[in-house]
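You will see chain A twice below: alongside chain B first, and alongside chain C after that.
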Partner chain A sequence: MKIVAVCGMGMGSSLIAKMNIDSILNEKGIEGTVENCDVGSVSGHPADWYVATQEIANNMPEEFKKRTIILHDFVNKDEMEKELSKYLF
Partner chain B sequence: MKRDIFQLVNYLLPKSTYISSKNISEDLDFKIRKVPAILDNTDSWLKSKGFSKLKRLQGKGIKLLQKDILRIKATLLNERISFDFTNSNDRRTYALYSLMCFDKVSHLKKLANSMNISERTISNDMIRLRKQLSDCKVKLLYSSSNGYKLVGDLFLCKCFLISNLKQIFLLRNEKEVVNFIIESNTLPGNKFIAPEKIQNLYQDIDNILPVYFSIEAKITILVYLIITCMQSNRNIDCYDKDNNDISNNKAMQDLGSIIALKGEEETNTHLKKIEQARISTLLQSQSNELLYNFSANYPFEIEIFAHQMIQDMSQKCKIDFQRDQELFDVLSSHLINLISRIRYHTQIRNPLLEKVKRHYSQIHKAVISSIQYVQAYTGNHITEDEISFITIYFASAMEKISNQQSKKGGINIIIVCNSGNAVSRLLQYKLLNSYKVNILGTLSEQEIKTKGDIRNLDLIVTVIGNLDLKLKKKIPIIKVNAFPTKNDYKKLEKFINQKKHKISPHNSLRKIKNGILQFLPGTNFQVINNGENIDDLIQLSGNLLAQNKYCDMDYVNQMVKVAHEFGGVNHLLIAPGIILPHAGISSHVFKTGMSLLKIKKPFNYKGEKIIAFIAFCTINSTQHQGAFQQLGYLLDDKEFLEGFKETENYEDFKNLVLSCLKKGEKLL
Partner chain C sequence: MAKFTKNDIQLKVEASDCFDAIQKSADLLIASNAITENYVKEIFATYKKFGPYFVIAPGIALAHSRPSKSVRHKAISLITLKSPINFGNKENDPVFIVCVIASTNGNDHIALLKQLGQFLGIRNNIEFLKRAEGQKDVCKIVALLNKKWKE
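Up next, the complex of A and B:
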């Protein structure tokens, strides 16, 4: 499973999100790779799921929107885990 | 025959030298002052069978006469241990056995008569039994008109009974179980199962279970199955409706069902569906302690087949089975038996074939094609029933692998319990199967008191109410039922989730090179009283970077522009009230750095109270990773966020960061 965390520039909040998702997957024993990128270059990152905040999700390419999980917050691990588990595990 | 005589004679048979009373008492767990009486009893037994008395030598000990040994061995084969009603444990076990398997309701008088013991003694025994059973959550009710009666879920009670029967009748192999059944059939009105069926049942269990089940475990399962069939025959219904079995090992569930079905076949009874689940529960609790005994000297082709199959299956299922030594052992030993069954045309039937095919269709298909090597070797067709057993092994290995992956960083638990092995073992398995936990041990109340503080212990789980340990370090205690109820699971989950929150994978947060404090020195830190315009504030936080030569002003201007790219700066909100302004990697950045602009009086921006700006610039996409790992941890830490609100200068901030990171490590 491949997950891409997306933010405006691809190096700030998406990096924190990537690290948090990595550790959530690790704790749950789920195999998967997590990357981060900016919303402009997301079309060059094929993945099973995308993770973004609401504003960024609105700007995601149309074909990815169905596979985009919207998170309110990229630092609260518990919230993230709850939201991700609805889709991923 | 009395148990102690049986034990002693068996113990002396292989010994050629004199054995002292002290050794006898230690090895056989007899009280030293009882040894002389046991020796006397043994003498009279030997005499009654026409042998010489024990040979005694002052200061040395005793031994059997060499010339008698072979004949004693032969005589022992026909001897059986019986209940010793002078012993309180035997009486209690008999009463429980009778209530569980023969008479749902039993009068005191009847019990006293069948044991030939006074009613008063039996009544006292029953009081003690009642106390013992309270751990199993079973009530022993008494009324003068109806007699004794068990109420509650009898599953644990059955495990308790079995462990007692095993002790009393020294059940170590199937012959001893046969003897026990013969003995049990002599008890009034208890005749149920023909002893020869036991051999068949044992053979079935032995065929079905993977080799890592010890003989002891197989015996437990056998006795459990027999008792269950007896109960079903007598219509003794023993389970609560609330079935809170959480069994996540499908392979074990299947094996449990197969064993239950075999039991039905042999004893001609019908078991309820729930029994299958209970047997698999028992199976799993038994397989917790794996016992290897691989001295088997099998042809080395078998190892090659096992190896080939595992390799083949790993490729087909895309799972690395090759790391699993246990699977290899199980499979090789299964193949030996399989090959001999194929040769002698005694392939076994799997009543669950259809279910296995449905559940693990992919694995099953893969096994069918992988088994071709074995098929070619034997030259005979292997039935799908036989293949399905191998499917179960692989399915079980697959689940084990996924279990292991999720077990990283679990919490450490000790189980405290008074009712013996059977109960704690079940609880242990339940916990292991349901949560990410490591069981450090199972102790009695006394043991944990004497042992004192245990390193790395996170939680004590106990079945004893009002456990007071007085440990130096306060360790949380959770009281549960030995067979946890839904409520118990809730309690445990609550604790484990709290703990999980604290466990973070950043185990060396402070040691990260290029951490937050390296990129954010005092020069990049500013506190202002209030702010109004978001753009100005972003500009201000960027200025801190530009002033200190991290970037030029163009970068700062870009930051402001980027902030509005998605219709508002909300996409830069990294945590409640904290904005992370930044632009991309460009030639306007000279070195990686961060700045912090704190606003004493939070200001409102689109419904959000903004308290700080953390601006950053980086020369590549990796250099700031360590700092962000720390930042991510800190912003998820309530203590940090609280403390941060009060922070007035860089020194405070630095100390807060260091202390929170330190705490994060300690929690591991």
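Up next, the complex of A and C:
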């Protein structure tokens, strides 16, 4: 499974999200790779799932929107796990 | 190892709106010579382009722009606001923690950001930030930010 965390610049929130998703997958023993990038270059990052905040999700390429999980919290792992579990595990 | 210092933190700051709040957080990095005033303009431009997406959790804003010549060295500031302010992010307003992130190349800030992310991911730390004030609490926050968390 490949997941890409997306934000406006690809160096702030998406990086924190990537670190947390890495750690969640690790704790649950799920194999997967997590990358992060900015919304402008997301089409060069094919993935099974994308993770973004609402504003960024609105700017995602149309064909990725169905595979985009919207998270309102990028720092609290429990909140993220709860939301991700609806889609991923 | 990258470390936070007490100059990166300020508590119970008064700000008139979200731009003022970002400016006041950025002022700490201007004072430590990490960024120039122009970086703040770049952050505002980013805000105008993408909206308040950088309010990444309830009450928490991580403001930044791209690496540019306005960044002299990597740094992250953190301020808490005396009165929470709306940034226009329906889910996560009002904001009371405003961080500014600066990176010279998109990578050199990662160690600091990881420390920040782990610190902010712990609910007790957020509760502590809500009531923290004075130099003693600044020192405590710096210690928590620099703590080595288990992987």
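What we mean here is this: the second predicted complex is superposed on the first by the 89 of 89 C-alpha atoms of A that agree within 3 Å, B and C clash if a C-alpha of one lies under 4 Å from a C-alpha of the other, contacts with A are read in each partner's own complex, and residues count from 1 in each chain.
To be clear about the criterion, a contact is a pair of C-beta atoms (placed from the backbone, for glycine too) under 8 Å apart; a residue touches a chain by one contact, two chains touch by 3 or more.
Since the model is a prediction, treat every value here as computed from it, not as a measurement.
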{"item": "Partner chain(s) touched by A:Thr53 [first = chain B, second = chain C, both, neither]", "value": "both"}
{"item": "First, second, both or neither for A:Asn76, with chain B first and chain C second", "value": "both"}
{"item": "Touching partner for A:Lys28 - first (chain B), second (chain C), both, neither", "value": "first"}
{"item": "Chain B versus chain C as contact partner of A:Glu62, first or second or both or neither", "value": "neither"}
{"item": "Chain B versus chain C as contact partner of A:Ile16, first or second or both or neither", "value": "both"}
{"item": "Set intersection of chain A contacts, chain C complex versus chain B complex", "value": "7-13, 15-16, 19-20, 23, 39, 53-56, 59, 73-77"}
{"item": "Residues of chain A that touch chain B when the two form their complex", "value": "7-13, 15-16, 19-20, 23, 26-31, 38-39, 53-56, 58-59, 73-78"}
{"item": "Chain B residues touching chain A - in the complex, by the definition given at the top", "value": "402-409, 436, 500-501, 503-506, 562, 565-568, 570-572, 574-576, 580, 582-585, 616, 618, 621, 624-625, 628-629, 631-632, 635-636"}
{"item": "Of chain C, residues touching chain A in the complex", "value": "46, 49-54, 56-58, 60, 62, 64-67, 89-92, 101, 103, 106, 109-110, 113-114, 116-117, 120-121, 123, 151"}
{"item": "Sites on chain A touched by chain C in the complex", "value": "7-13, 15-17, 19-20, 23, 39, 53-56, 59, 72-77, 79"}
